[in-house]
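For reference, the structure I am asking about is given below.
Going in written order, the chains are labelled A, B, C and D, and every chain counts its residues from 1.
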Amino acid sequence: MQEKCGVFGIFSEDRVLDVASLSYLALYALQHRGQESCGIAVCNDGLMQYHSDLGLVPDVFSKETLESLGKGNMAVGHVRYAPMDQKNRANTQPLVVRHKKGSMAIAHNGSLTNAYALRERLQNEGTVFHTSNDTEIIINIITKKRINTSSIEEAICEAMKEIEGAYSLVIMSPSKLIAVRDKCGFRPLCMGKIKSHKEGTPSYVFASESCALDSIGAEYVRDIEPGEIVVIDKKGQRSIKTHCGQKSGICVFEYIYFARPDSVIENMSVHEARLNAGAFLAKEHPVDADVVFGVPDSGLDAALGFSRESKIPYGVGFIKNRYIGRTFIQPTQEERDKAVRIKLNTIESTIKDKKVVLIDDSIVRGTTMRRIVRLVRETGAKQVHLRISSPPFINPCYFGTDISSRENLISCKMNTSQICEYLGADSLGFLPLEHVGKIANNAKCGFCDGCFTGKYPIPEPEKITKSKYDYKIGVI
Amino acid sequence: MQEKCGVFGIFSEDRVLDVASLSYLALYALQHRGQESCGIAVCNDGLMQYHSDLGLVPDVFSKETLESLGKGNMAVGHVRYAPMDQKNRANTQPLVVRHKKGSMAIAHNGSLTNAYALRERLQNEGTVFHTSNDTEIIINIITKKRINTSSIEEAICEAMKEIEGAYSLVIMSPSKLIAVRDKCGFRPLCMGKIKSHKEGTPSYVFASESCALDSIGAEYVRDIEPGEIVVIDKKGQRSIKTHCGQKSGICVFEYIYFARPDSVIENMSVHEARLNAGAFLAKEHPVDADVVFGVPDSGLDAALGFSRESKIPYGVGFIKNRYIGRTFIQPTQEERDKAVRIKLNTIESTIKDKKVVLIDDSIVRGTTMRRIVRLVRETGAKQVHLRISSPPFINPCYFGTDISSRENLISCKMNTSQICEYLGADSLGFLPLEHVGKIANNAKCGFCDGCFTGKYPIPEPEKITKSKYDYKIGVI
Amino acid sequence: MQEKCGVFGIFSEDRVLDVASLSYLALYALQHRGQESCGIAVCNDGLMQYHSDLGLVPDVFSKETLESLGKGNMAVGHVRYAPMDQKNRANTQPLVVRHKKGSMAIAHNGSLTNAYALRERLQNEGTVFHTSNDTEIIINIITKKRINTSSIEEAICEAMKEIEGAYSLVIMSPSKLIAVRDKCGFRPLCMGKIKSHKEGTPSYVFASESCALDSIGAEYVRDIEPGEIVVIDKKGQRSIKTHCGQKSGICVFEYIYFARPDSVIENMSVHEARLNAGAFLAKEHPVDADVVFGVPDSGLDAALGFSRESKIPYGVGFIKNRYIGRTFIQPTQEERDKAVRIKLNTIESTIKDKKVVLIDDSIVRGTTMRRIVRLVRETGAKQVHLRISSPPFINPCYFGTDISSRENLISCKMNTSQICEYLGADSLGFLPLEHVGKIANNAKCGFCDGCFTGKYPIPEPEKITKSKYDYKIGVI
Amino acid sequence: MQEKCGVFGIFSEDRVLDVASLSYLALYALQHRGQESCGIAVCNDGLMQYHSDLGLVPDVFSKETLESLGKGNMAVGHVRYAPMDQKNRANTQPLVVRHKKGSMAIAHNGSLTNAYALRERLQNEGTVFHTSNDTEIIINIITKKRINTSSIEEAICEAMKEIEGAYSLVIMSPSKLIAVRDKCGFRPLCMGKIKSHKEGTPSYVFASESCALDSIGAEYVRDIEPGEIVVIDKKGQRSIKTHCGQKSGICVFEYIYFARPDSVIENMSVHEARLNAGAFLAKEHPVDADVVFGVPDSGLDAALGFSRESKIPYGVGFIKNRYIGRTFIQPTQEERDKAVRIKLNTIESTIKDKKVVLIDDSIVRGTTMRRIVRLVRETGAKQVHLRISSPPFINPCYFGTDISSRENLISCKMNTSQICEYLGADSLGFLPLEHVGKIANNAKCGFCDGCFTGKYPIPEPEKITKSKYDYKIGVI
């Protein structure tokens, strides 16, 4: 399971800040949201320079590359996770184009539910597409609206009437930096501020998560509201709320897995949400055990929450090799198998002859978890009680999470006791559905938990065959 | 001075041929037409895979990259020369897009004269541009025409009514490979054939020059006619000549400098044309000398022609370091200076105490030639007589040659005797204007010699300021 | 502070195992012991192939590189930490040479105390040195001994009479794999076994830490004894204990910081030793606080030990960006500053308005810790109580740890309360000297704690000026 | 066939010159002598920095790499050709070591005939070897001699009593730059001078060929004499001629093929020597033909000489793709086949319906020449008369030329008419043996033509099996 992107934008009127370097640092902080590709576009008085490529931020950007982007007063950045079949250079972002009114750069996190219909309509009008990204659909619609509107923000507002689904956008026009969040607010997007060195307007930044603000010394201001358009330009910031006020539904899996624990989303600490999930698990699925520990890194916080609630001592059961990439990133099954053996090792003194509670955030296909349970048993655990800090996945996500098809989801094929047996655990407990919304108890918005419940805040897209979606041009 | 591109395409119905590898070899042979970037797109039953990047063919394509393009039944390839301000990855070709009717790939050599007007019109209709290439204008117009036409070739034929200037195109649709040459035929484009291993249709190839056909073992068939559209598909080849029959004008500088001497263009051997130019020079500007030699590699053939006509012995006066790139490619003045000192060395035994005739193809700014004359004098030449196998450059080219602006052209600022003095030569002779057309005496078409005469086969574009043309988005 | 190396060796008589791939995986597991360079040498019936370079294991070895090492029956591997002034390719290991008796490869962890005298003696005899590594001294002495001895192991045994200091070696001759540990056993070295697929002898492996055995599915057998030579060849394994039985002294900092927590060294779990250190700290320096947390990753285990002993809740105060290298690796001060701001972020919900206990393994210069304390205060901690799981560093290490010179050690310049004030903490406690040896209470050997106590198991090298040591040949 | 190396050295007391950059440019000029690897070592008041790697000069050295070598007062450089089985990084040069008296760097062109015996002796004394280069033997012997001598030049002079065979060396000690040529002078080595910007001593340079002097603006002074040692230091230059005065024998193939035509070796222009060879061919093997042309680039000069003597018009029959490396460099047979088809193309207008004389420098295995003759016939030549500007190869070279073993030499297996038939030519003529020495008629030294005659200036090495020579340690 994987979220698709992280976005960032900065507007620094006084040009004291090095917008390219700050974008670089912010993308570093957002790297967990996408490791396939990244990019930065810098705007210098209307002229945009950009660079993007496949790879991690420190691999794509050298000191020289960063410097060659030049000094500017604005920048947008993007990190991208790509499903295997779209891992190519043409799909990197930000997407930077030229239209009637000048250049535009756009960074997008999310997924449109009416992408197929929109793309078909645009193609019927003679539009060519250079990528298979939804982002290119958005930029075409905005551009067409721009012809008959008096400003870019007005064009965006018009475009929002047509595009449906999940989108957190940062858009850069020659003179404005604009943040946009879809009406439900599926994906997070927040605003920060860096105090000006001289008097006058401060610099503004937008980022998918607050941890990116922290990394560049920006002060958190607020989250962009679902449906809101925030415009920053020379005159300062202003907001367009035409599309606000509908039923909100941030993806609850942002709290469970995607976001960094040090981020605060919609007023709720991600770390606290995970502690809460662990505590709920301890209450709902109590067990007599000697030690509780999490699968690094995604299960660690919930394990601590479980320990605090259950009073079972918290321990360190695994060491994760810090020089290895994350399992989910590695594409082939063979590479995945290999990676698991060298990525995680157990600590015998924590596990041997103990009854252990093992915590992880979710189970997708079950193959990785099965290997992990086996590892723990081989290390000498007397009992292995598995607790999962989310309910079972049984439904597709249409809003930017790359979930395996149902055939691959273990919870679509087995009930809990069957899964427990398959995994080789002594007991298995999932976070009950009714608690999912409660883990982020301070959050000021509603949740989308469609992947667990099958109930989505907006209509599902009509069923469309995969081949219909096939816009692929392969760029190696 | 530099030509902008080389194009290639191959259609191999029976799939016995490895179209990616053959494209690679053909681009190798066309590398002299563009060293900044290159690319290949392969079509496999409608699915297109491509790869392009800045760099020479052997640097951009490794064995792995080439293999990852997959097997296919068609391919197009491109090598590109880029003016300094457009040297970025986004402008690499072939350009591959997706439109209503599927994928399309296009490789383009030339320059449109109404690019500004077309681009403005398209932008007014809401079109976004991802590059600053004319190629993207062409692909948008064809795509729009395609909506109301019944075939891609019909759409191309319609588009040709709107695009003006120089263009030799190879276009790949999901099922067809199409070669197009503008009405004047400014840039060369020829067709070849590779015999099929089994019975049935042979494989067809298109290339900017016949040397590319030779390099892959293809048999030369004929040149594409000015204005012609040649379509290859399962049913074989056919031709659309709606736009044929107008006044033709192939760029005469293809014979003088751009093309490889082993190419035959419009029935005329490039090598022979250069021998002819040298012979004309000997007749028009005779001199009493001991030896004649050329500046490698562009002046060698004309020097041999001069020697044969004048009976002055042919010699080897220079050794060019084979591990150095060409002067014109190196961007900064400092690098250019450095390159000249290490790129060329003189052979003393040829030069010392001799009256020498030195031949080169053209003089642009005069700085390089001045250094070369100095080198020859330092080696001990008694006299240096300079002969240039083209007339003086005094006009801009609108058709794909990157000529310095007039302020930089030495022939716009000085007369021949002043130039001779500036260069430090004992005498200087240019190819007379009236002979330019005669050097390619076998060619079956007219010539464009506008850069020498100021007379162009089609109207010049209205004078437009450079800033108006400024569509740049910088991609580093 | 940084340990210098990790070593690995494998002998697989039946050739069922891919010794190159297993070396690669083992070096991955040992990567924390050295990130500057790495290398693998494979022996195939006496012919050795090797590859080494600057960089991390996954960067230096691609699939192709690994395959090109070929199949073999033995391999040795090495990861290296290099002080700034020796960061060059010539110093990479394993060192592979050819001598009278064939090829030899050697991987070395440690530092000789009589390197200067030995090198001078060898040079006086006409020896040339290609590197500035102690390893090359060792290989020269062994080679000279080999001339008058009947086996490589006898030569090694003779050489051990002359080389003094710390060395854990894995040596590969054309037919034998040999592990050697210096008489004190300063650096760890253990042996493992992989069961044979067919009957007959199992495969043997040597590694700096047991975590490398785990990563390749090898079973831990035992630690090499201080002074022991273990020989593996076709006939199986045998041991030479001529130099065993002296006063042992493993570096206690292996337990405190260098080794991976999942390693077991001399029968003592590294993780447990760190829990113990934390518990001692809690007993010796109790404090009234709301939460205790460690600086990731080196302070986490001790923080858990402190929490368990003190009953103060364990928390997660920091998130470390998993895509950033370790601070100690980054060379310049400027880069270090930059890294700290983006490498670590605080979790507000853990810290704000709390009295916190902050744990780290050591303080060297104090600059990093000062920044960390400031970070915690800025996050809103009411009090910051700092506890360090080692005593103050006040002495040099001569045995392979790269400690700053005394002028840079904060504990050489200030007492505890001065340091506390400098760091901006409310209180500061170090692990008392008398407890250092007790943290690894199960270890079956003595300790070297000279960096804390100034008492070393063997005589210090006579003071020699740095310039005398200057054998540098810079290889960039 | 391939020469093994090019060497360079520079001493610039006043440090006005950038010795690293000048080395880079000189190696560029010598690149034809070795394309496998290259390296530069810079000495700055005794401290040596170096960099070397596999690859061409512009690939191995970037601006940054060059700058990181620092400023210095001396440098040595090397380009290397490597037989396939020694193509590894460890064998790159200059070899830089540290010994009793400080650092030493050495660049070597040639091959020792007593390498095996010397290496065995050194190994018996306990010497370790890091490479399989003869160079390392030389450096070890010099170092051992240095212990009991009062200067490096004295040690070199002593070493020359023991090393036999071909060697042109440039050696750099902390304070001296020394050029050495073996007693026969098998390989060229010349000295140049760059005038000082201030008064005082000029800068001195040594290079394998004079073309390297030209490329850096140095004035040719003289060739190093066979057996001479030239020392440059603060006090100026001086010469040791202890080993001079023996029978000299420069490799005649330097004139025929190895050296650049613009070089002057032992007072003889290489270009002139090739013209002479062509003229001799015309006299010895006259033919009635329409045109004469050479195989680029090695046959061009001789073709011109043939034309001048025979009065048969000189033509251009081939175009060589300037973006392709040389055939001899490409290792596998498959790659060689591929390369030939795309590397060379014929010019039809020169060849068709003509009786042609085709000139090349030599025939080794005959496979390439056979393909070339076929190419010419396919282009329509009526007759193909092949003339070779050297006698048949029938003997091994022990002095640094990599000749195929006799089994591969076509002239060892067939007589001239058989070869002619095999190649598909109408006639074939080699340069007669008796003229070989005459082509370099101005040269001031004797020649080694052992590869043609079997008579060598010094005794052949005793026959040794290849396995005995096998010192290989493979470094990938």
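Note that a contact is a pair of C-beta atoms (placed from the backbone, for glycine too) under 8 Å apart; a residue touches a chain by one contact, two chains touch by 3 or more.
Just so you know, these numbers come straight off a predicted model, no measurement behind them.
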| item | value |
| --- | --- |
| Those chains which touch subunit D and also touch subunit A | B, C |
| Most remote chain, CA-based centroid, reference being subunit C | B |
| Separation of subunit B from subunit C, taking each centre as the mean of its C-alpha atoms, in whole Å | 60 |
| Subunit A and subunit C: spacing of chain centres that average the CA atoms, whole Å | 37 |
| Centroid spacing, where centroids are CA-atom means, of subunit C and subunit D in whole angstrom | 47 |
| Residues of subunit C touching at least two other chains | none |
| Pairs of chains in contact (touch as defined earlier), listed by label | A-B, A-C, B-D, C-D |
| Complex contacts: residues of subunit B adjacent to subunit A | 47-51, 65, 68-69, 96-100, 103-104, 123-130, 132, 139-140, 143-144, 146-147, 471-476 |
| Subunit B partner contacts - residues on subunit D that touch it in the complex | 25, 28-29, 31-32, 56-58, 211, 214-215, 217, 260-262, 264, 269, 271-272, 297, 300-301, 304, 308, 313-316, 318-319, 321-324, 341-342, 345-350 |
